[in-house]
Amino acid sequence: MISFENDYNTGAHPQILARLAETNLEPLTGYGADHFCESAKNKIREACGCPDAEVEFLVGGTQTNAAVISTMLKDYEGVIAADTGHVNVHEAGAIEYTGHKVLALPQKEGKLSAADLSSYIAGFYADETYEHMVFPGMVYISHPTEYGTLYTKAELEALAEVCRSRSIPLFLDGARLGYGLMSRHTDVTLQDIARLCDVFYIGGTKVGALCGEAVVFTKQNRPPHFINSIKKRGALLAKGRLLGIQFDTLFTDNLYFEISRHAINMAEGLKKVLEGRQIEFYLKSPTNQQFVILENERISELKKDVMFSFWEKYDENHTVIRFVTSWATAEEDLAALDRALEEYSS
Amino acid sequence: MISFENDYNTGAHPQILARLAETNLEPLTGYGADHFCESAKNKIREACGCPDAEVEFLVGGTQTNAAVISTMLKDYEGVIAADTGHVNVHEAGAIEYTGHKVLALPQKEGKLSAADLSSYIAGFYADETYEHMVFPGMVYISHPTEYGTLYTKAELEALAEVCRSRSIPLFLDGARLGYGLMSRHTDVTLQDIARLCDVFYIGGTKVGALCGEAVVFTKQNRPPHFINSIKKRGALLAKGRLLGIQFDTLFTDNLYFEISRHAINMAEGLKKVLEGRQIEFYLKSPTNQQFVILENERISELKKDVMFSFWEKYDENHTVIRFVTSWATAEEDLAALDRALEEYSS
Amino acid sequence: MISFENDYNTGAHPQILARLAETNLEPLTGYGADHFCESAKNKIREACGCPDAEVEFLVGGTQTNAAVISTMLKDYEGVIAADTGHVNVHEAGAIEYTGHKVLALPQKEGKLSAADLSSYIAGFYADETYEHMVFPGMVYISHPTEYGTLYTKAELEALAEVCRSRSIPLFLDGARLGYGLMSRHTDVTLQDIARLCDVFYIGGTKVGALCGEAVVFTKQNRPPHFINSIKKRGALLAKGRLLGIQFDTLFTDNLYFEISRHAINMAEGLKKVLEGRQIEFYLKSPTNQQFVILENERISELKKDVMFSFWEKYDENHTVIRFVTSWATAEEDLAALDRALEEYSS
Amino acid sequence: MISFENDYNTGAHPQILARLAETNLEPLTGYGADHFCESAKNKIREACGCPDAEVEFLVGGTQTNAAVISTMLKDYEGVIAADTGHVNVHEAGAIEYTGHKVLALPQKEGKLSAADLSSYIAGFYADETYEHMVFPGMVYISHPTEYGTLYTKAELEALAEVCRSRSIPLFLDGARLGYGLMSRHTDVTLQDIARLCDVFYIGGTKVGALCGEAVVFTKQNRPPHFINSIKKRGALLAKGRLLGIQFDTLFTDNLYFEISRHAINMAEGLKKVLEGRQIEFYLKSPTNQQFVILENERISELKKDVMFSFWEKYDENHTVIRFVTSWATAEEDLAALDRALEEYSS
């Protein structure tokens, strides 16, 4: 069975596994205080062009979002997000569990606009009763978004400008950051992100690691005793080496970027396959997630051979489904998909 | 440098790494819905002699304690624990973070007695103002305890009886469960634990895994939609395979028990080495943690060659330190420790 | 200065003050265990036609909403509310503070429709990823709504039917319930509400009391040890008599209904005054809140003599403002408003 | 029936009721933004000798403790309290509900010593694993304590000195502050408290008000947007006038102090009555709570005529009970108690 179900459906990039095996018996202090974590942090600082960045490793995305947001918000604040944002929809209320509201704004293809943001905040302070409302205390964006779309550099700058003018941090969820950076249709670099965001994370889980996300605080703004706050949230890994070794490997010899580029190449191939079979696109993204509209019957047939994700109902007879490539997608997978689509197209 | 610092200072048992590598490219559905997780759960059910047990995998111990306790307690309840219990001391307030109080009781060598428990609960309900106090809603014990000590079967039965008579669950933290089960000085089996506890977890992190704890609900009492509650707490691993494959390996051909037995053998050897060097014991435990009293000067010397943990100040000139063995401890480590102790003893 | 600012801008109905004075020196047990509370509960049960109802008194509305919602929701659930609902907008995130999400749905004039509700819940369960989303666990409506509008009996029945079919409770926020029940344009009685809702509260603060809301659990569904949960939330009043005496007075000789009817009569008079002065209505409600559109300049003038509330910006030159009547509004206030409007109309 | 059950068993001081009645129909803006609140705050500032103090009114003690502690603690901190402290025992876990641990220390007659406090904090930072433990972030004391005892000025100064040296705030729970200040056995003034504490509250509920506590932030340290945080906790009273008018009355013409002195006079009389009847004291306090040991049979008889509180079991045949005086206790009550004790003594 070939799988385009998501970008976390296989294990880890083989170099990561090799490195885990090589270093396996070296005794190391726990909780991230080992030299692999230190090395990985330095490589990330360098890649970000931000020598003073404070880097911390966490295990997964929802955990990272909740830990970052809840430690950076003040008691009276909530976090602004697109209504389609992962924190607003697919994290089981993890932000609210920390006692803070997600302030959901409308979006376009998963993206928040600086104009809407600015207008929302202005409206908040114009309301005479605002002391009884949740203060906008942070802006959360995902890049790539949940729809695989990307902010342009100009869009990011505009969002950052609104945040700066209101003195609230801009937080970028980079669960799939590699795929965004290696897109053929982006002018945003990792350095741009480090410059424009107050905090962001570089996703490992969806980009070749077994698990792990690297949070980067770019403005000397890591919450005090962040390790304690992570521990308090059940998010501190005893064998911190597992995260350090993985990120050290990913940020050695550009591995993170190369495997991301591979996924993008596969995604471009995927788009060609889908176009070649006259599949209607719901959203043709510049990254590794592609959304198409299929007849329900065809879906039933196709899923005998191919794993993919249901996205949402389109109409009575059609459904939006998602195909995703990753570092592990092979040319053969594309060819097999092409054959499967041929079979069920007639 | 040899290390007796703790039982999570190396990577994973080599069979686990091998298994991760073998299965690496098999595409699998995420979040624990894969066949490795299913297989691991079945093996654990069998090992527990509890075919109906509900098994869930989480990443680490603090996370597991917080998730289990906060989903099983009612709004008006807290959890009873020994005042030395991990949840009361070394989890950064993770239980309180979920809105529940830890009701700390006195202990002896880390163990809670059924008599103290029974008397505490009776006293609670005898107090006319109890509606204004935190109700005892669960009992948390660790086995082995934080001091490496073990409950006898009779002691566990007595605790379970108090819990049953008050209709509150007994939860056993088995972060080091393997070392407890393979101790030469225990009459408690895994089946006993499954029978006597309402919920417990089998520690992976400290017993040969990279990470992972297996929670076992023994009485058809898994909280409803537990997956959602785990996700809400940021504790749901996307690549659930990482946990499934590890526990499947640990529970194949008794690996979990054999590597635990090895650590116990090493601990017995460790005790002999320490005794042979006339080191005074603070607490000679039946499991893999040993606590001794050393002169501060000797500690300064010893730590040039050996990694170990400071436990607590003993008096002005002495400190309690902890030596720990694990699945990865080798005979050579014991010999090297012996030589190091010889060197600094004169 | 005359005031139409809100319905909590004066003290308490004089009969309440008199009763507090009469009973002042009678020593009573605290925390609601006094005979006035018991008597008030019985009168409320009778007025609701629900002899088995469990009644509890709390101090204010936000507190009541948070206590009821957070004790009735399960860990994995959130509360559905109109996006204009008080819990979603004007309670400073009090629901999220308890760890639960408000699931905001679109509304019309503050009202949630059964069709939208039904469709939302159906959509939730149709989504393959729903285990990662916040479960709909309760429906919150306000009656009158924040816009002074009212559900019809048929609308309430339809909402209740959806809730029943999904086994989730229907909670009605009756902060201004008296004004809803005494409206000239309603077919909903207190008995209907008790029959259709699983829990609701009868507002005291906005209907003649110094403070206090009476929560009515209609289906033997009061959360266990609710007093403890209230205490835990800082919501248990030591001198419970203050609530008991007030509600006992309000539910003696129909006082609650009569003072509500008076406010409605004043609201009908208010509408006539506003119409007579050709003021444009933004929303002409059947209860005690009326929303009109005024030129900004005229507002500046008017507020020299009259207190009212700014609601929202209408356009560059106009603002929506709110006039509210209460049990304390007098005919003279209407006459004075009429004169003030005359003065600033030319 | 005469009552010595507690100091909140009657209504409010008659001058308060009179003032509520006089001001009843004056329309006022809600939520504490009225001139009575402002006037009360000024009078409190003056009484405290602290013209810059920030004063806020809340409804009850548990609510006040939770609001103050949870807004002043940082994420990684807990609050130190005597193990008998109200926040640790009788508030249903309200502090833990806010996500923070109460760090309970031993006490003597309800009082925390500076030596124990200092030693605890020193020990915390000496522990190598302190990043995994809850940081001491605030010190909570009650004055009078739950046992009616009082800190001396020297003791308060010593506690304040430890707090200052560790940069953590000292918070004094003054639920019964009036009775402490008017004790015949104290050298502590309200000005001393304002000088030594970073925040404290002046109790109204137990000192003549229907409800209400006045929090005083003495060091320009009120948490930002505190009104929002209060609202978020369901603790913001709509009719803030109820609190403002009460405290304005209490702090006019020394009423607060005079009614407290009356209670102390009654308590001294009470002690004489109890001594005269050869009742054994468990703890003879310098304030308005007295604890005595009675035979269980005598208790059964006595409670037919007198209301008092059970405190704790003393031995099989004896119980500690509490008698409390208040502003409302009359000479006749003492005489009646004396007669009742005579009757049941033979």
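Worth pointing out:
All chains are identified by letter, namely A, B, C and D, in their written order; residue positions are counted from 1 within each chain.
The criterion applied here is as follows: a contact is a pair of C-beta atoms (placed from the backbone, for glycine too) under 8 Å apart; a residue touches a chain by one contact, two chains touch by 3 or more.
Quantities reported herein were computed from a predicted structural model and do not represent experimental measurements.
Over half of the residue-numbered contact pairs of C-D are shared by just one pair in A-B, B-D or A-D, which is A-B.
Two chain pairs, B-C and A-C, are weighed by contacting C-beta pairs, with A-C ahead. Distance from the centre of chain A peaks at D, each centre being the average of the chain's Cα atoms. For this pair, chain B with chain C, the centres built from the Cα atoms lie 50 Å apart.
Centre-to-centre separation between chain A and chain B, using Cα means, comes to 33 Å. One inter-chain figure worth recording: chain A and chain C are separated by 42 Å, centre to centre, where each centre is the mean of the chain's CA atoms.
Counting only residues that touch two or more partner chains, chain C has 76, 91-93, 97, 99, 131-132, 228-229, 231-232. Listing the residues of chain C that touch chain B in their complex gives 70-71, 74-76, 99, 131-132, 135, 223-225, 227-229, 231-232. Residues 76, 78, 89-93, 96-102, 104, 126-129, 131-134, 309-310, 312-313 of chain A are the ones that touch chain C when the two sit in their complex. Residues 1-3, 5-6, 8-12, 14, 17, 20-21, 23-30, 59-67, 91-94, 97, 205-206, 210-211, 228-229, 231-239, 241-242, 307, 328 of chain C are the ones that touch chain D when the two sit in their complex.
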